[in-house]
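Pasting the structures in now, so scroll down.
Presented sequentially are two complexes of subunit A, the first with subunit B as partner and the second with subunit C.
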Partner chain A sequence: MAVLKSTESKLDLENECLSPDGLKQELLRVYPTKVARKRAKQIVVNKVKEGGGVPEIGANTRTVPGIITQRGCTYAGCKGVVLGPTRDIVNITHGPIGCGFYSWLTRRNQTRLENPKDHQFMTYCFSTDMQDEDIVFGGEKKLRAAIQEAYDIFKPKAISIFATCPVGLIGDDIHAVAREMREKLGINVFGFSCEGYKGVSQSAGHHIANNGLFTHIIGLDDTAPKGKYKMNLLGEYNIGGDAFELDRIFKECGITLVATFSGNSTYDQFSISHTADLNAVMCHRSINYVAEMMEKKFGIPWIKINFIGAEATAKSLRKIAKYFDEPELTERVEEVIAREMPEILRVREEVRRRCEGKTAMLFVGGSRAHHYQELFKEIGMKVIAAGYEFAHRDDYEGRRVLSGLKVDADSRNIEELEVHEDPERYRPRKTTEEIERLRREGFSFKDYEGMMPEMENQTLVIDDISHHETDKLIEAYKPSIFCAGIKEKYVVQKMGIPLKQLHSYDSGGPYAGFKGAVNFYREMDRMVNSKVWSYLKAPWQTNPELSAKYACD
Partner chain B sequence: MHHSNAPYTSTTNACKLCKPLGACLAFRGIEGAVPFLHGSQGCATYMRRYVISHFREPMDIASSSLGEKHAVYGGEANLKQGLRNVMHKYEAKLVGVATTCLTETIGDDVPMILKAFRREMEESGVGSSLPALVSVSTPSYSGAHMEGFHGAVRAVVDQFTGDPEVLPPRENRVNLLPGFVSPADTRYLREILDDFGVESVILPDISETMDGPAMEDYAKIPGGGTAIEDIRSMGGSRCTLELGRTIMGTDTAGRLLRERCGVPLHGMGTPIGLRESDVFFSTLKCTLQRKIPRKHTLERGRLVDAYVDAHKYVFGKKVVVFGEEDLVVGLTAFLAEIGAVPVLCASGGESGRFRECIEGVTSGILSPSPEVREGMDFYDIAEEAESLSPDLLIGHSKGFHLAKRLGIPLIRVGFPIHDRFGGQRILHLAYRGTQNLLDRVVNALLEKKQEDSPVGYGYM
Partner chain C sequence: MLLRHTPKEIAERSALTVNPAKTCQPIGAMYAALGIHGCLPHSHGSQGCCAYHRSTLSRHYKEPVMAATSSFTEGSSVFGGQANLVQAIDNIFSVYNPEVIAIHTTCLSETIGDDIPQIAKKALADGKIPEGKHVIHVNTPSYVGSHVTGFAGMTKSMVDYFAVSTGTKCNQVNIIPGYVEPSDMEEIRRIVEMLGVQAVLFPDTSRVLNSPQTGRHEMFPKGGVTVEALKSTGDSMATIALGRLASGPAARALDTKCKVPCEILDLPIGLRKTDVFIDTLRRIAGVSVPESLNVERGQLLDIVTDMHHCFYGKTVGLVGDPDQLISLTEFLVSIDMRPIHVLTGTPGKEFENRIREITRDVPRSVNVRAGGDMFLFHQWVKNDPVDLMMGNTYLKYIARDEDIPFIRFGFPILDRVGHSYFPTVGYRGGMRLLEKILDTLLERQDRDAPEERFELVM
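Let's look at the complex of A and B:
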């Protein structure tokens, strides 16, 4: 055992530590050898080669015990993230009370009822609240009773069950209970085996949720909605009203949104989502499985889009219009962009004057750390370091690395569904010729280039950043703003650096789409130009002469 | 434990949090301590984000981050590795290890693992740099957050107070075990004890650790918290005051100090309202043989004066009170004496002593006794509340939906408060805290009355 006394010391800002490579060494220095070796793979100095190649990064590997991580668990990804924003499914947490309580609308997902009488369960937290005897004798009986109760009281269209750690350990068969209750009640009842210990992060939970949505809901109803340009928006969770702003834009463009997975969604929308002609993927990490499976089974192509940033929004709208390839839609999209842009540019120029050249770090999520870089670029701020909390290598380096990914025990743990073409309902949306032509014109299907190719050389990319690394990074680079989540917020702010929450938006938003961009510009202006940080020290602490002078006055 | 009162099997909109969360909060009130959860990393993440949303302060909780493999083969290696990493990074004086559903279900023997870890460290010659390691068993399928809190306090006292004979008696010092109270409450309790001219050990003390100053130099472990040296010598104190009626007579830290070290124990209610605060002050007066400082007599006088002034606004107002059992008992004592009518006292906790404690603080001044229900969730509370037509709710943020539905004010107290600002600075206790609560209750009622009137009266 090595000497345990911490060897940490203040960073010497004068020496070469300030170079990204030097800083990387500094970050690793305090770790025991084995941990340092692991973390070295997850801390990368970016270098974009010609053609977009980037260095390999370690990602989606287990967090080292005792290192304070940003990551959550499988249950959090499944129940909290993907199914959390669904309003008319009764989501029952099967387990002791904590898990359900902590995922009780904490993510600020918003929803808007079409009819005030519609079901709205998002403000509820259903739990079997397992007790000693359930652990000893099994909790299936209690689960059955909970489902029956939920049905008797609410008469929902669907009930879903989420397994927490002890459920898997004691061997409760939630799927058998679901089957039994489905038959008994005549409504859709399904379970998710998303025990917290299953994956390395919430990412495993996303995958489990995707599988469940695909198996149990998508394609249940073939009633196609009206509309000429029909698409689904995948991986948009309507935090702070993002999906509302996107809805607005799509409406103006004449695009019909069949379903959003899963912000402001309904069960019925999921059921008919296979009737759409395009899947547009926002958060690649959390929902790409659904996109892939829907393509295989129903023939719906998917494309990666990004509605964070005004330019990115315009670009994504054009991409959608190009896919449908109708002059009428293209024209309308151009009109909308032309109408929205003047106000955006006015605010952007005003804000840019005060933000230009300031620096940002983003350590959050599985797509946000990438998407939000667009907004910072638009107001002239430089992103000097970024990383994801739970993403995989393809989210960093692009899907080009997918074929070479090693499948480890943790990934093997999560079922990979075998999907085939639906004999009746598989319908290619584009002919091979059409697809070829679009490709030739630079259109890319089912592709995500990842975050790193779009970042500057010599920026630091850090996966699953730890508390210690955050401290050191801030000490070395003093960014103008740090973006992460609530767990990091007050740590970073104690160091005198403003932190913007990109999970829950600090009660702000929307930040997606055109109006969202304006909101974000103003928010950054407010945060990076706040005077409050200059008051950290009292006058007698910072400047003895000054206080002496006041005393004399 | 069964939900003996509730008609439902499932829990819908719980009025309690999980057991390890309470333990983490208690550990956080000890100087140089890092709370550590032995289980899946999601537990630490969820609890951190929850605690932080109330306090708006950093809250580090380490985790042994168990995966599927460890769930099968046991979490010993991860726990040890986690402890080593925490030691590296934090230079903690204490690591408080709380278990979770996962590790309790698989049956990891944490005290034994910690013992082995200590031995290994000593054998490799680094035993002297080891932090104190305290463990507490907190499966959340057995008890809720308050059991975890009290359990952690007891575990700390158990570990540090072993040798009564070596302790010099400290006649001018009292131990105060306040339970889960706000940082503002803790500061005020210390002020009271200071004013009595007595030294005190308040355990835990989250007044600085969960409500710290903005600084330019960030400290990984925030300053403040009960000093371990002070905990070690609690056995020599003149007496222990332990707050909370529902824990009186149970196996608490206070009882342990009495049994092991012979420290007289004064158990009493959480001092909210005049009478419960009087008990608190009278106990200090009697045990210390000192006069009550004039400042506090004046505060008491002002409070009574305010009771008189407020009476016309609060008399007969029906109130639903919910939250942790001991907090609800204190609030109910207060409401009953100002002439309000607590119609339902509800808690997700299940101490089995809730009813008896509520009766203890209402008998003689409130007839009939309020409806008292433990093991309740907000679905039950809402059902009950519909027929009780209350004028006011008092409790934490989770009561918001009910308040909205009933169109009545919610006075936010206790924990968690995540839809208002300053939850950590709410003063609930003793004369000053009661005054604060009274002002808020009266103003909420006035505001409601004023808002509801179409005329726009400006003189209430």
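Let's look at the complex of A and C:
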């Protein structure tokens, strides 16, 4: 209730239609009955029970056709999100030109070469540009030729193929072509059956990408890098340079990052990632499958961390240090935190004075709507409504609900790999006793508590929000800032409310880690306190009365 | 180097497209549909198509781009998209209440063979289309043509669905402005109004995709051609279509359907193409050209003659869409510049013939390609560098690598503003293009000039 009691949050609890329950009914009112019934499950007024239980929310279900959704497709989740940030794989989109074109450099994943001679294909868009004859007669021949041409020109270490909608429908066997070309060229060639229509959102594409990474790359090379504390960072995509900032922090702490999935990543890093001793998961939604499978096959435990927010970053570093359980590391982590914090606190206090009590709404992604609440809290802003675009119930309510989740037809379409212990390479990183001891000390492995337990009571949680709901929500609550993506950006800004893109960060970033937190504080200060939003009315619109002075001339 | 792996040696490719110079049909159809007042474009396919198109158009215009999708799942891909589309139509009219839903198909719905008119009929029979509301469609399989042909298709559908001939001619001309920016559509309208001609301009995305900041989001902005106006196109005296590829099909459809004679012209980019447009309109409408337009023409020409030394002999590489490039190439040649690499991603041999004809007297070998990609264009530039390049934002990677001055022109422009407010068509648009060319060339000259040759007056 705290959030709604705030006098500065501009909410009027007395007004019935502005109460979260009243507003929920208002959002649903215009929908046809069946749609309203479905949407009602996906719009929840939050209430955290003792012990962290929260109400059930409908998520990862089909989008209602025609509703104007934020969601994209499976291909976008696979090629765009997970595989997009890897610089040295030639990613060929097998399909008509659009899919490849739209996913060409638009996500702001940055990458930095270690050696100027290294491969960097992210600035390129590769496509088979299927034509009608390929649809009629099949596109395998063209795909085969395209792979050969890509190999001849670019000589990459690996080539991957991404299937678009028509590929699945006409029955092109991209995996057979991949096998054949792998034999022929002697390099790794693999395919992703990530046709856009699979699943209900990008999320299916993440899963397919995870399966492909695990099957075709992870564990190919047993050469372990040097380093005492070796971990992988999962679900970090280096938007606006986030991964660079995290790399910096890990280096200062003496932690060796074997691979990041997949910000600023390379094929070779993926190949040796099974030599790490810990998997730290940022975006649970997009990458938890890899973490689970690596644990089963190689014995690498995974933990949930969050590097969005200075406090969260410190907490996550401490969690990693506790896992490795060496005084030397713990000490160094504390030193780094102690070194970074003063500047952060200085900026935070300065910004907080101007942002305290202002309100935010976050409707984005599969983890960002949760993680970014940390940063808003740090500068005293209130999150009054939030939701994910493509997350599942566990991302809202915590992994505690996993065992009870029904697998529907859409999720069943996505292969669930059967994974076993690797007979030679499975190596438990901790003894059972060590794990037990850590657990007793409050350390949680493979757990994610979800977004809702951390949100205030009476806040609105809305899954897969529609344009209509966005519009009503803004009209009712007039937030100081709205966070979403490019499709929503100018819609919301036309309403006079600044919108921060949390997929691409607009043109900003990094926002992760310590320096990122400072950047974000300043960015919020700029956005919620700018005078540019105050010029909406011209003088004659505010004071329309006429002076007759010149009228009689 | 951002495109470090692009070799100078050109090897013919038969299967692999690298760095495309086109995108797919549906986005063009969506853009055209936004030029109907009160219209919600609808993408019949997977969610991703709609999300990608809306994102790209939003980035290009920095404006709201509203559109809905049928949100296909695997089930609808197997059993057909009828249930999804009928439900979408019901929801759209219930929630958003547009005048028109303009459906375009995708590679998905085309491959499974969904019959949109039949599904729309079903929606009507089920009572999902309210009285007086319209559902129109165009088939835009992504594996045919390009974004330009998608635009052309949706524009033609406006004729197919709405134009009626009542038997009584009305004193107006149809102007089909082509796949140009809202600013260009505004400028074309301004010119038509200066001539005092009554016209229906369609589609018309001005005041839709360059709308003002007012603190209110209008789901259906003030701009766009109305359904009433579209209906009346069948009674117009004549049609002028600008851009053969984007506007030709609609103009011919009006001729066939309603016997409205048409003139299909090149886009009015540059002096002489604008001359042709104004001269044609003047003759068709039987009006005389006002002095104010002569002044604008003279001002454009004044820049050309004053600064001819800067244009003369400068080599240019152009990437873009056929209609734009045909007129732009003609403009550049007309002021003695030398376009030597001209490439579009949109297929069609006609383009190559036209550019060859226009550049016939350019005293250099000229590379022309329809259905090409920017990888090939880059290779051309590596083999034969140019003084200036013009094209969409993706060209900036080549510009930086090769250190060549670059002007953003075409679609998409993702990193600059201006194109939605300031035209490149008409005499004023020509002046803007020349200003851009001069700024870019002279900026470079200033940057590179040895100190003793650094000039105050240029």
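Rule of thumb we're sticking to: the second predicted complex is superposed on the first by the 527 of 553 C-alpha atoms of A that agree within 3 Å, B and C clash if a C-alpha of one lies under 4 Å from a C-alpha of the other, contacts with A are read in each partner's own complex, and residues count from 1 in each chain.
Everything that follows uses one rule, which is that a contact is a pair of C-beta atoms (placed from the backbone, for glycine too) under 8 Å apart; a residue touches a chain by one contact, two chains touch by 3 or more.
Bear in mind that the values here come from a model prediction, so they are computed numbers and not experimental data.
Asker: Could you tell me whether subunit B and subunit C fit or clash when both sit on subunit A in the superposition?
Answerer: Overlaying the two complexes on subunit A (C-alpha atoms) leaves subunit C and subunit B clashing.
Asker: For A:71 in the superposed arrangement: first (subunit B), second (subunit C), both or neither?
Answerer: Both subunit B and subunit C are touched by A:71.
Asker: Which partner does A:86 contact after superposing on A: first (subunit B), second (subunit C), both, neither?
Answerer: In the superposition, A:86 touches no partner, neither subunit B nor subunit C.
Asker: Looking at A:99, would you say it contacts subunit B, subunit C, both, or neither? Reply first, second, both or neither.
Answerer: Both partners, subunit B and subunit C.
Asker: Counting only touches as set out at the top, which of subunit B and subunit C does A:129 meet: first, second, both, neither?
Answerer: both
Asker: Output check: A:120 vs subunit B and subunit C. Expected answer is one of first, second, both, neither. What do you get?
Answerer: Once the two structures are laid over each other on A, A:120 reaches subunit C alone.
Asker: Who does A:109 touch here: subunit B (first), subunit C (second), both, or neither?
Answerer: neither
Asker: Figure out whether A:288 sits in contact with subunit B (first) or subunit C (second), or with both, or with neither.
Answerer: Neither partner.
Asker: Indicate the residue numbers of subunit A shared between its subunit B interface and its subunit C interface, in ascending order.
Answerer: Shared contact residues on subunit A: 30-32, 35, 62-76, 92, 95-104, 106, 123-132, 134-135, 142, 145-146, 149-150, 164-166, 168-170, 196-200, 409-410, 413, 467-468, 471, 485-487, 489-491, 493-496, 536-537.
Asker: How about subunit A: which of its residues touch subunit B in the complex?
Answerer: That would be residues 1, 3-6, 8, 30-32, 35, 62-76, 92, 95-104, 106, 123-132, 134-135, 142, 145-146, 149-150, 164-166, 168-170, 196-200, 202, 409-410, 413, 467-468, 471, 485-487, 489-491, 493-496, 536-537 of subunit A.
Asker: In the complex, go through subunit B and note every residue touching subunit A.
Answerer: 1-2, 8-14, 16-21, 36, 39-50, 52-53, 56-71, 78-79, 81-89, 91, 100-102, 105-106, 120-121, 124-126, 129, 139-142, 144, 212, 214-216, 218, 220, 348, 401
Asker: Spell out the residues on subunit A that touch subunit C in their complex, using ranges where they run on.
Answerer: Answer in residue numbers: 30-32, 35, 62-76, 92, 95-106, 119-121, 123-132, 134-135, 142-146, 148-150, 152-154, 164-166, 168-170, 195-201, 409-410, 413, 466-468, 471, 485-487, 489-496, 536-537.
Asker: Going by the contact rule set out above, which residues of subunit C touch subunit A in the complex?
Answerer: Against subunit A, the touching part of subunit C is residues 2-5, 7, 11, 13-20, 22-24, 26-27, 42, 45-49, 51-56, 58-59, 61-77, 84-85, 87-92, 94-96, 106-108, 111-112, 141-144, 146, 211, 213-219, 345, 375, 394, 397, 414.
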